[in-house]
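In the two complexes that follow, subunit A is the common piece, with subunit B as its partner first and subunit C second.
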Partner chain A sequence: MRRKGSPWTGLAPVFLKELADHLSSARMRVLEWLVLLTGIAAVYTAIREIGSVTAEDPFLLLRLFTHARDPLPSFVSLLGFLIPLVAIGLGFDAVNSEFSRRTMSRVLAQPIYRDALLVGKFLAGLGTLAISLVALWLLIVGLGLVLLGVPPSGEEVLRSLTFLVVTLFYGGVWLAVAILFSVLFRSTATSALCAIGLWLLLTILWPILVPFIVQAIIPPDPAAIILGVTSLEQIELQQTLSRFSPNTLFGEIVLALLHPSTRALGLVFPSQLQGALLGAPLPFGESLLLVWPQITGLIAAVILLFAITYVSFQRQEIRA
Partner chain B sequence: MSTVVVSARNLTKRYGRVTAVDGINLAVQRGEIFGLLGPNGAGKTTTILMLLGLTEVTSGRIDVLGFDPARDPLEVKRRIGYLPDSVGFYDNLTAYENLRYTARLARIDRSEIEDRIASALKRVRLDQVADRRVATFSRGMRQRLGLAEVLLKRAEVAILDEPTSGLDPQSTYELLEMIRGLKADGVAVLLSSHLLDRVQSVCDRVALFHRGRIALQGTVAELAREVLGGGFTILVEARGTDTATLAAIPGVRQVTDEGDGRYRLLADSDLRSEVAGRIVSGGGTLLRLNMLEPSLDAIYARYFEGARDAA
Partner chain C sequence: MRSIFLILAILMQVVLGTSPATAAEAPSEIKGLWLVTDYPALTVRAGETSTVGIRLQNYNLPPERVTLSVDGVPEDWKVALLGGGQPIGAVMPATNETVSFQLRIDVPAETASGPHKLVLRAKGQSASAELPLDISLGNDLPAKLSLKPKLPALRGTSRSNFDYELDIRNESGKDLLVQLAAVAPPNFQTSFTENYGSQEVTSVPIAAGQTKTMKLKVDPPDNIAADEYRVVASVAAEDARAEVPLTMQITGRPELRIAGKDGRLSGEAEAGEKSTFTLVVSNEGTAPIRDVEISGTPPGQWEVSFEPKKIDLLGPGEKAEVQAALTPSAKAIAGDYMTTFRASGEGASSSADFRITVRTSTLWGVVGLGLIAVALLVVVGAVARYGRR
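== the complex of A and B ==
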């Protein structure tokens, strides 16, 4: 039996209302300040450092993003850490709060499908992330222009804009995770805890666990132990497993996009490097090609998570 | 004019092995107030959700203004106003903003939204607090705001789930008056409640739910005749008369002497003038003569007493 009418009816009002809610909420303001302050601190120290050391770097703008100096990590690694937190903050009570406020049945009694409500909420979260990220990007580029006085090249702008889009997808993964938990759990506290738990697992515990899992699956070769090296299979498995974490994917994409001289993300044999000018930057297209699988992986994760969320939301009883 | 606007035939809803609604039949006409009455968990809310297309129907057919809620929920929901059980609003928004969100979801023309909200709020007497955040509203005010939402949509059918539960007598009275106002506009009102006596006064017809089935359906008077044995109960307080005199009046089936000159008569019809005449002509003094309205509570209690005995 087919239902009549467009599933997108009512998408615009839901999107606008949720966006307004996000942008005016105290929670969002706290998260924004957190990102902004840490970001500015990281970039400011990077600028001071770059100003005194490098004069001939062709990618000065990109250095702003990636330069790290103790004790502050680089701006991108800060982002990689904070973006999931912001995304979870935006999404963890998206659906279950409608139940706890008892507004769900009233809203769904209006002539809209559930699709519009869910898609509207997801897009509003993504829109909020996009607005904050673009603002942050402009701020950094502006700071760079003012304090360094070197105009960015076309390629630098292109690379950093691609980085912006990828960061948005990275945030989208965590937003989708948070909204999924908000559908699965009726209590907002439970869904927030689960989302943060998963984030901690994938960000902090997963990199520690992966080597042990690899050891368990592929027992080390006696010859390799004697030589004190890891076997090829082990390294490959380790890399595959660690790529299940969106953080690893994001890290690899950042590496290729913001360090133009990156040529490979895995093992490289000396034979493959024959004739290569080590340290010479790759063109933008080549860098993008290098991490295309990672980018696709992030987008696929967003779509998969959203699909699971969609199905479980459609099957849910509305009676609160 | 008797146009059926909402009808359900053989409507059934099962959750796994539990049957929440078991083959009910309903027909609500334009401009009438139809009460879905019964205890909690009898299947009233499930029925309402199925009528709105918010829950899938296991079997049976529904027709709301010519549309099937399962196939064409948007058309159905555009025409129905729904006030859920203990309705919630976005506390961080004002009453006006909450209604504006609904109006946009209902795709009301932008040029009309402001006027419609203003008149709806005026009708439920919330126009003074339109710009106050809903967080500060009392339960009665929220319930009225929910009713304003129904008015705003200019719904042809209004479905109100437990509209008076948790309200004080004054708010209940006001809300019921507003529901009568809906009826005057020609809106078909479907009202669910577990407080039988509260809503008895406004309902034209009622359906009594019991364990997923409609046990009884009809006007209160019809149900009374069916369940209470068609009797009219007349209370008499008089001096100088006795049980035998009253029992001799044609049409009186039973007389109970309640002492102190009070008698309870069960009669086939409204015999008040005959009773008065007989007492006075017999030399007695009539102090009080009163006919009891059949109460839904009594009907319900009596019916299920009977049902239990039969089982």
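== the complex of A and C ==
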């Protein structure tokens, strides 16, 4: 028997309630401070260094994001590490905590479909991420303006805003993973552990594992071993495999967007570089086109992970 | 006058009777003292000082003191005998030797022009000699200059230097300050320099009877048409003047230039797609250029073709448009590349570097959007299948 009406009835109350819960929760506050303090520290050291060292640079604002000074990594690499943590923190108990608190049946007793509940929870997580990221972005641009005194150009703003959107989707992937685990596992501890385990696997272990997998799939021929070179197929496979990790995708996008002189991400043959003016920045459109597959991958991953979460949540049995 | 002939006769006797180169040696048959001068009759200017060189020769006489005196000096004239710069009264020539000295004559300004006869006497104990001198008063010689070029006709391109060497001779009897001038066609630069000097000069002092070589440098305008041009060099001093025509034959010079239309040296092209650029080939020289070929050296695996490939004739000041069709390699990476376009004709060539910004196809961007749409469709399908529970 099919029910009538829009599946999104009640989306707004769920979204607003979840958003309010997130923004006032102690967990979120801890995570935000973590991101804020490390981010500010990275940017501040970058500003100090840029202010004293950097020569004329047409993309000074972008240097704020990418400049690294020992011992602190650059702001973007900090974000690449911390955003998954925040996203998992926001989503790992999204659904199963409702079960453990026995509130799920009460919520669903309202004129709210499961569709609206799940979408509302997911969007609230994304919204929380977006709010904190925008605040962080504004803080950095403001710090740059105050401490460097150089107004950003239109292209810089465009690039850094695109970077903001991409970061949001990168967080969205991990949020979707966390919500998926919170649907699959009834225990919040299990889902948190699984999400963090997957994150560690893809972020830290995957780059180490990929070369071994490549060696296993395409055994190197003896001549290549003697010469100590990797074959073309191996390099291509290695790149394809490493791009399964959202971390790699995010890193490549950041490289192309925030370093405008990046012209290619994969293998480049010398014949392609003949006559090329190295170091000349690409127009924004070309940079975007260069990493469009990666951006597409991130967005599609968010949607597909959400679809899997949705299907598995809809098929679950919920009792009072 | 008779005395002049007399002296000449004596001199001829001396010269013919002995071997000419050994006048100082003792001809055995001649014995005595002689006063000798090169010009026994001369013209001097009133109010000026003239000097006459005189020699006293002793043939086969023992050295003795010879007293000198001048007779017949008109009133107001001042006459002095100078030997070694000092006034002298006597000389003492050794046997078969000669003593040179000068007779300085100061002629006052108001003096009758008629010929005056002076007699210079040399009186020793055993011999004596006398030398009559005819002095007449004359006017100044007029200043006279002559100008002679070493090479009066030169040939070269409009960028060459035309250097004419001019010999200026002061043919008058006094030193002159000579003004130098040259008349050339408009916009020609002319300058006089000393022969191996760099300083430009407008006038030069030349001593009486001397010749000085000056250099006239003519620099024609760069864009002058090929033709024969005439330059007149002139020198002037007081009322003397001399001029000489010089010719310079300027041959044409071709000069090619290639550039983008409106001077643009950059363009955009899409990877794997043909893009057309308009190039302008112009002849900025003064001679026509034949068979101008257009070529290009793009980065590897790019294709380039030109329409037209060749310009048969490009006259001076003419321009021709060439369409360059450039196809970047399909695998070209986005970004900026350098491409060189070259035009080369007979005797001239030119090249220009173009900065080509390569854009990549947006096809994959559309494919990416399609993938996102597919993912959204999956969600919609899931909602349709499992929704509203």
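The criterion applied here is as follows: the second predicted complex is superposed on the first by the 317 of 320 C-alpha atoms of A that agree within 3 Å, B and C clash if a C-alpha of one lies under 4 Å from a C-alpha of the other, contacts with A are read in each partner's own complex, and residues count from 1 in each chain.
Here, contacts are C-beta pairs under 8 Å (C-beta built on N, C-alpha and C of every residue); 3 or more make two chains touch, one makes a residue touch a chain.
A quick note: this is a predicted structure, and the numbers were derived from the prediction, not measured.
Of the two partner chains, subunit B is the only one that A:317 touches; subunit C does not reach it.
By the document's definition of touching, of the two partners only subunit C reaches A:292; subunit B does not. Touch criterion met: A:21 reaches subunit B, while subunit C stays clear of it. In the superposed model, A:113 lies in contact with both subunit B and subunit C. By the touch criterion stated above, A:307 is placed in contact with subunit C alone, subunit B being left untouched.
Shared-chain residue A:5: touches subunit B and subunit C both. Taking subunit A as the reference, the larger set of touched residues comes from C, when subunit B and subunit C are compared. In the superposition on chain A, A:105 makes contact with subunit B only, while subunit C stays out of contact range.
Within the superposed three-chain model, A:256 lies out of touch with both subunit B and subunit C [touch as defined at top]. When both complexes are overlaid on chain A, the residue A:183 reaches neither subunit B nor subunit C. Shared interface residues of subunit A, touching subunit B in one complex and subunit C in the other, are 2-5, 113.
In the complex of the two chains, the subunit A residues touching subunit B come out as 1-5, 9-10, 12-14, 17, 21, 101-103, 105-113, 317-319. If you check the complex, the residues on subunit C that touch subunit A are 298-302, 329, 331-339, 355, 357, 359-360, 362, 364-365, 368-369, 371-372, 374-376, 378-379, 382-383, 385-389.
Within the complex formed with subunit A, the subunit B residues making contact are 45-46, 49, 52, 54-55, 70-75, 77-78, 80, 82-84, 86-92, 101-102, 104-107, 146, 149.
On the side of subunit A, the complex with subunit C involves touching residues 2-5, 7, 113-115, 263-264, 268-269, 271-277, 280, 282-283, 285-286, 289-290, 292-293, 295-296, 299-300, 303-304, 306-307, 310-311, 314-315.
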